[in-house]
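Look for subunit A in each of the two complexes below; its partner is subunit B in the first and subunit C in the second.
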Partner chain A sequence: MSRAVVRVPQQVRAGEVIEITAMVAHPMETGYRTGDDGRIVPRHIVRELQCEFDGQTVFRMTFFPALTANPWVAFPLRAERSGLLTFTWTDDQGRVVIERAELRVS
Partner chain B sequence: MSLPIVRCLSRSIVNPARRRGLVRFGQGLAMASLAVRPEVSQADAARDRLQAAIAEFTQGRVMVPDSTRLRIEIDALVENGNSVPIRVSALSPMTDTDHVQRILILAPRNPQPQVALFHLGVHSGRAEVATRFRMAESQSLQALALFSDGRIHRAQADVVVTLAACLEN
Partner chain C sequence: MRETDRRGQNGVGRLARSCSVFAIGGAAMLALSSSMAVEQAFSNLRPQPLRSGFETMSPATQAMQARDSDNPAWFAVEEGARLYQQPAGLQQRSCASCHGDARGALREVVPLYPRFDETRSAPIDLSGRIEACRVRHQQAERLPPEDDRRLALQAYLGSVARGLPMTPDPDPRLQAARARGQERFNQRIGQLGLSCADCHDRHWGQRLGGSMIPQGHPNAYPLWRLQWQSIGSLQRRIRACLVGVRAEPWSAAEPAWVELELFLQWRGAGLKVETPGVRP
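Take a look at the complex of A and B:
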């Protein structure tokens, strides 16, 4: 788990509701597939995404094996002021990916 | 043509130990020459998993089954079950007194019915989320939303998949 891409709209007016998209590179191995050796390939998925705005949680998502590899999500946020968005993904193996993006509100 | 279907079904059992148990159970039935088809227990198990997932989300709250305040946006015909875009939106002013707190997407005929659980709040401004997921077979999807008044709203959408996700291995 390493790469992540987030997209935050530019030229946002105060009070506007924006849509943020976030994707992380991850195999999202379901735990239901059998490998070439006939054994079940162990589950390895992202468990959670948390998005904070200046330290306050503004969105949280629990993942399940059905979500695609390199899971993608779009979620809304009411942009009141400029600040820092922090995205944190945590997977089954406890690995964490953190990505940050500036929200600029005019 | 029957082989991929068998593979799909075999993968729809969550727990490997339980799967071995069921296989033994099935063998026992076959030896006893009983006219019980294994698909029946598969369907029962899927229904139980769905009920459990719904109960965990609703916590016994009142449900509005065919809500006009909740909508699933998804193609009725999907060619590739490995990546299916879905968008769920709720009619809500997202104020302190009237907002959506949680949205759950369910694919009842997947090995595990839960697809994604979203936590929203007043700061979200709008109750609308989107993601991409895998579909094991054609089915009727469900979305549940918990509103701040404690009610659960439910929406459903039938989707036909021409290439199921489980066939890719």
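Take a look at the complex of A and C:
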């Protein structure tokens, strides 16, 4: 299953501020709900999203319970030059999802 | 108001009865006159103008559906695309082994469902068709009706047909079931004594407890529902409505589901397939 979808605009001019969006497939179980047996369903959420541009962190976000399943994040980025964007999601169980996208600046 | 409602309903009831008599009694005649006669008999029973649920949602929810990279149901579509290619069962055949590229062979067929299944001599919906294919041709294990994989395949096939108009299959063998679906649509049920038509024909566009009542079309299923936080089927949506009017939901084996879907598909004919949709 594809675990993440990121969108990076095409045809970007140098110096332009662009919008990056990133969505990851995740149940985001809050840890506050009870299951059919009345017991608490253990918390299972994404802890952190980190976005690196050619190895340099350009965006980082810490997640908390009560975010939607399959959390969707958008953030602005000033595009100075072409390079590789690497998105890393880490969850409560230590599972890591990595997605890469090319940024082409003309 | 009450009188008008009642009269309206009696009219609909009579029409439904005459249609089913027509469909059962005159199979040969039906074949000749095709669906035209039924078309005319039913034509005043569609909401006017036809509106997809998409049009009555908030701009934020519309935006989620508008771009695939923003639509959480897209994960199911991609999973479905993978499953379509994956060999399964004793035969180790995939969907693609027989059907080829879904964007070619199946694209035109998906908006016709539910269709008539020769083997069962009964109408079958797309989900049932996927299951039948798995059992008959792949000899693979059964998938429960709301299984993620079954929903994923359905979402993928729906996404392939996106933009095509929902088109009721003119097969005359479907007419009797469609008329029964229409009767269900107009039948008052549950402790609240409401029919589907009470809300979705007579009060669409108005609000029920703060939520917009849509016309209730099946053109975007399976879809991502914000309330569910997951992708779900048309049946799940209808089940929620049944529980909402405090009626007993039908069992999974009931033909009622596919009959009602046949009618809904006819009722919303012409609306474009939006699968996978997003709804509040």
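Simple rule for what comes next: the second predicted complex is superposed on the first by the 104 of 106 C-alpha atoms of A that agree within 3 Å, B and C clash if a C-alpha of one lies under 4 Å from a C-alpha of the other, contacts with A are read in each partner's own complex, and residues count from 1 in each chain.
Everything below uses one rule, namely that a residue touches a chain if its C-beta (ideal position, glycine included) is under 8 Å from a C-beta of that chain, and two chains touch if they have at least 3 such contacts.
Predicted model only: the values in this text are computed from it and were never measured.
S.K.: More residues of subunit A are touched by which partner: subunit B or subunit C?
M.R.: If we count touched residues of subunit A for both partners, the winner is B.
S.K.: Is A:Arg33 touching the first partner subunit B, the second partner subunit C, both, or neither of them?
M.R.: A:Arg33 contacts subunit B only, not subunit C.
S.K.: So in the superposed three-chain picture, is A:Phe59 touching just subunit B, just subunit C, both, or none of them (first/second/both/neither)?
M.R.: The answer is first: A:Phe59 touches subunit B but not subunit C.
S.K.: Determine, under the contact definition given at the top, whether A:Val17 touches first (subunit B), second (subunit C), both, or neither.
M.R.: first
S.K.: Which partner chains sit in contact with A:Trp72 here, subunit B, subunit C, both or neither? Use first/second/both/neither.
M.R.: A:Trp72 sits against subunit B and subunit C alike.
S.K.: Touch check for A:Arg7: first (subunit B), second (subunit C), both, or neither?
M.R.: A:Arg7: touches subunit C, not subunit B.
S.K.: Tell me the contact category for A:Ala25 with respect to subunit B and subunit C: first, second, both or neither.
M.R.: It touches subunit C, and subunit B stays clear.
S.K.: Can you list the residues of subunit A that meet both subunit B and subunit C?
M.R.: Common to the two interfaces on subunit A: residues 68, 72.
S.K.: Can you name the residues of subunit C that touch subunit A in the complex?
M.R.: 67-70, 72, 74-75, 78-79, 82, 226, 229-230
S.K.: Looking at the complex, which residues from subunit A come into contact with subunit C?
M.R.: Spelled out, the residues of subunit A in touch with subunit C are 1-3, 5-7, 21, 23, 25, 28, 68-70, 72.
S.K.: Tell me, which parts of subunit B touch subunit A in their complex?
M.R.: Per the stated touch rule, the residues are 11-12, 14, 16, 82-83, 87, 94, 107, 110-112, 114-121, 123-135, 166, 169.
S.K.: Under the stated contact criterion, what part of subunit A meets subunit B in this complex?
M.R.: Contacts found on subunit A: 17, 19, 30, 32-34, 40, 53, 56, 58-68, 71-78.
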